[in-house]
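Step one of this worksheet: look at the structure below.
The letters A, B and C name the chains in turn, as written, and every chain counts its residues from 1.
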């Protein structure tokens, strides 16, 4: 959980006096980043002019730590944009609270519970409905319509953050796949396949070959319980049920977890994980450990998400394995005929604004401006040019000629060659997924019946959504 | 015959204790030499000694997080020292009173302090946050001292109470006859006798306070007020698993404690084992 | 205490004022607040709706909660035997004349309890690791390959495996407490008993243990209390998994409050933990009172 720490300078530059905009005051003095004055107590003073010039504090909370941005282009882009915005707004004291992802989730949940969220923060898709109902996030539909980048937005990304026809966030960071097979083409060719097999039946056949080599066929890590959901079931479920089923689940228009197609997908998942195709300790290690297996050559392939690919790229660069690493969709399960070649992709988090800012138009304008900046074309151009990644704002002609084969392949995998489907846990609610994920972990061991898993999930869905 | 028996017994005792003590110190040693490896070497051979030991991990962490680590260490030291002082002082007084003095509400207070031991911390995170925000006591240099003392008192009180029970009352009675006031007896006579248990409490609570994380996460926002466990989270990216760096970072943050512990262990043990009540 | 030396009420009051005030503020008020929340349906945020004891009814029927309770009881028993039992044993052994390096044993023994639970969890997760862990490595060394497993993924074994680091970490903790208690025993009593012919075991059972009884009881209380709310180790090692095989009550409360965003029910769980802990401790104290038929109440 530790990475190299590089940009202390960025941090020093960004972080001034850290209050987190909750009205907590006066213990340490406020230092502004550049030049002009700011208040040292709470925030509501503004030198308001009607063009929205605001001078005061703005609190932002996110999880793009400097560690995180080492291997993750989206985080790097985010931090860069925030820095640029901060420099461009010397009168505004931007107060950032940056935590690692897991801690961020705990902290933001605590703040939400206490109705004390920061001015600007990152909202997770699955919380949208609950928090919108609680009045914890501002309706941003108009804000989005007024955005200078509106025409360039890929509007399909807004879906997880929509509730009752209102949109509550601007999707942030990069839209990446959460279900990709990373494999070593060289060794699969030895096994008799030019590219990764299209069906799981073929993968099972190849198992004998890899057993002889003393390798795992596929590495996977599910100790966090969410991986099986995000990185596997989101795609496999879609192959059995098709897109409509999930949209119906989100809309509450009649689908249920206990529908046969979904149960079939669960059954398949159980079967494949008990078949020995995966590393035996998949439930005890997390995705980070699992990808190390691929890197070390102990596994011929790895299933994970775009964050894993970023990491693998940074580690393998320069080795032989780097050149022979290719990407594939999750193979087709036997008996699944709703869709093929789909992979789950989307943006899991969005920039949201605290509704209390409605009382202060100048401050609100500043917050909106920040939101536009981190999700707009500057961001998209930055991550496109540096990482071949895409964000909310579409940028034309991403120049792929600057990138190596690995990056180009992954870009094509993510955005060009395959069909997109939704990421399950960007929607519905955390209560439901927590129940499903916990049961899923047991199910992968063969300790609980898929039908029961579906029933439990359905019960939680009806109670909590 | 007897000497062979005794010899065997001696061997058994020493070996058992030896194994135990070794198992207690081994993790520290393992973490240390593992932190001198790079990630690849570590993954290849977890238990083995490093082939090319280097302090690179430490250099990276220390040079890049300079201002922050040291600040957090200072914050932790200040918070811990003040909290411990209060816990020992107040715990002693309350423990003694609860143990010796009969008054209305004695049992009630006892149970009330017992409750503090039974509550899982996480269930209190949101209420504590609300309380501190309402009273505007959050996010200050002294903020964490309050819950640390409050949650540290029960253990101190119980340990003192149990310990005091084994002190014969005749001691206080004699002092009283000699004209000593309650306060004077308490601090001049009882306190020195309780030194072993107070030292014990101090040790236990020092580590508990130093390592505490949950309250710090919830009650402190200002990065400059962070304690060590909180500053550690700055090292955590969302997805990464460089165990050698994790261990280096852990050792850095544990080092004040470890140094403190080993330097003072002689005194500490002496303090604990010394006192014996005469008469 | 004789009335003549008992201090006046206002003196007592003055002494108790500050500690009680701090305690009430930082512990009691939040506890009561948590209790208050448990009567609401509350997903976080400003809207709560009062639902009376609904949460508690759900709690009574919550399978996962009661399974967690069983796991906690298991830990309590394992730790009383393991932590306190072994601690007592080791302390008595250390006191023996036959043992050398007493200082080292005391110093090293306590060391694990100074380390944060996160580090301990991490270390032991490595011990149990399938590929690289010491446990499997030893098994292979002694030719028992077929017994190597993914240890933390075994639902039947996982609670036992979790108890091990917990016990290991806190033996030293209780050793220190017991050590200070034993040290307060008047040496002359022990010397006299030796002269009278009591051997080490007899001295231990008939003299030392009875004299530190109060401290022992406090240790048991601390052990029970600590294990009823065990959280950190399990969180780091398995997060309650696989599935719910190692779920404990405090972790369940955390999951419900923070991962399922159901704060009202989460508060009810906390109250449940609290009540159950009181009951368990109360039972222990009752049992010991009966067993020792002593007027001294801890």
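Please note the rule applied: a contact is a pair of C-beta atoms (placed from the backbone, for glycine too) under 8 Å apart; a residue touches a chain by one contact, two chains touch by 3 or more.
All values derive from a computational prediction rather than experimental measurement.
Asker: Chain adjacency by touch: line, ring, star, complete or other shape?
Answerer: Shape = complete; every chain linked to every other.
Asker: Which chain pair shows the largest tally of C-beta contacts?
Answerer: Maximum number of inter-chain contact pairs occurs for B-C.
Asker: How many angstrom between the C-alpha centroids of subunit B and subunit A?
Answerer: Once rounded, the distance between the two centres reads 38 Å.
Asker: Between subunit B and subunit C, what's the gap in Å when you average each chain's C-alpha atoms?
Answerer: 15
Asker: For subunit B, give me the residues that contact two or more of the other chains.
Answerer: Each of 43, 126, 130, 246 in subunit B touches at least two other chains.
Asker: Mind pulling the subunit C residues that touch 2 or more other chains?
Answerer: 129, 257-258, 263
Asker: What residues in subunit A touch two or more of the other chains?
Answerer: If we look for residues of subunit A contacting two or more partner chains, we find 106, 110, 113.
Asker: Where on subunit B is subunit C touching in the complex?
Answerer: 6, 9-10, 13-14, 16-18, 20-25, 27-28, 30-31, 43, 46-47, 90-91, 93-94, 97, 100-103, 109, 112-124, 126-128, 130-131, 146-147, 149-151, 153, 155, 158-159, 161-163, 165-166, 169, 172-173, 176, 182-183, 185, 193, 196-197, 199-200, 203-204, 207, 211, 213, 229, 246, 250, 254, 257-258, 261-262, 265-266, 269, 272-278
Asker: What does subunit C use to touch subunit B in their complex?
Answerer: For this pair, the touching residues of subunit C are 1-2, 4-7, 9, 11-12, 15-16, 18-20, 22-23, 25-31, 33-34, 37, 90, 93-94, 96, 98-101, 103-119, 122-123, 126, 129, 132-134, 137, 168, 171-173, 176-177, 179-181, 183-187, 211-212, 214-215, 217-218, 221-222, 225-226, 228-229, 231, 249-250, 253-254, 257-258, 263, 266-267, 269-270, 273-274, 277-278, 281, 296, 298.
Asker: If you look only at subunit B, which of its residues touch subunit A in the complex?
Answerer: Against subunit A, subunit B makes touches at 43-44, 60-61, 64-68, 125-126, 129-130, 133, 136, 138-141, 217-218, 221-225, 233-242, 245-246, 249.
Asker: Which residues of subunit A touch subunit C in their complex?
Answerer: Its residues touching subunit C are 105-106, 109-110, 112-113, 115, 127, 130-131, 133-136, 223-225, 280-281, 283-285, 429-431, 434-435, 438-439, 441-442, 445, 447-448, 464.
Asker: Given the complex with subunit B, which residues does subunit A contribute to the contact?
Answerer: 1-6, 8, 12, 15, 17-20, 22-25, 27-28, 63, 65-68, 70-72, 75, 97-103, 106-107, 110-111, 113-114, 116, 286-289, 292, 296, 307-308, 311
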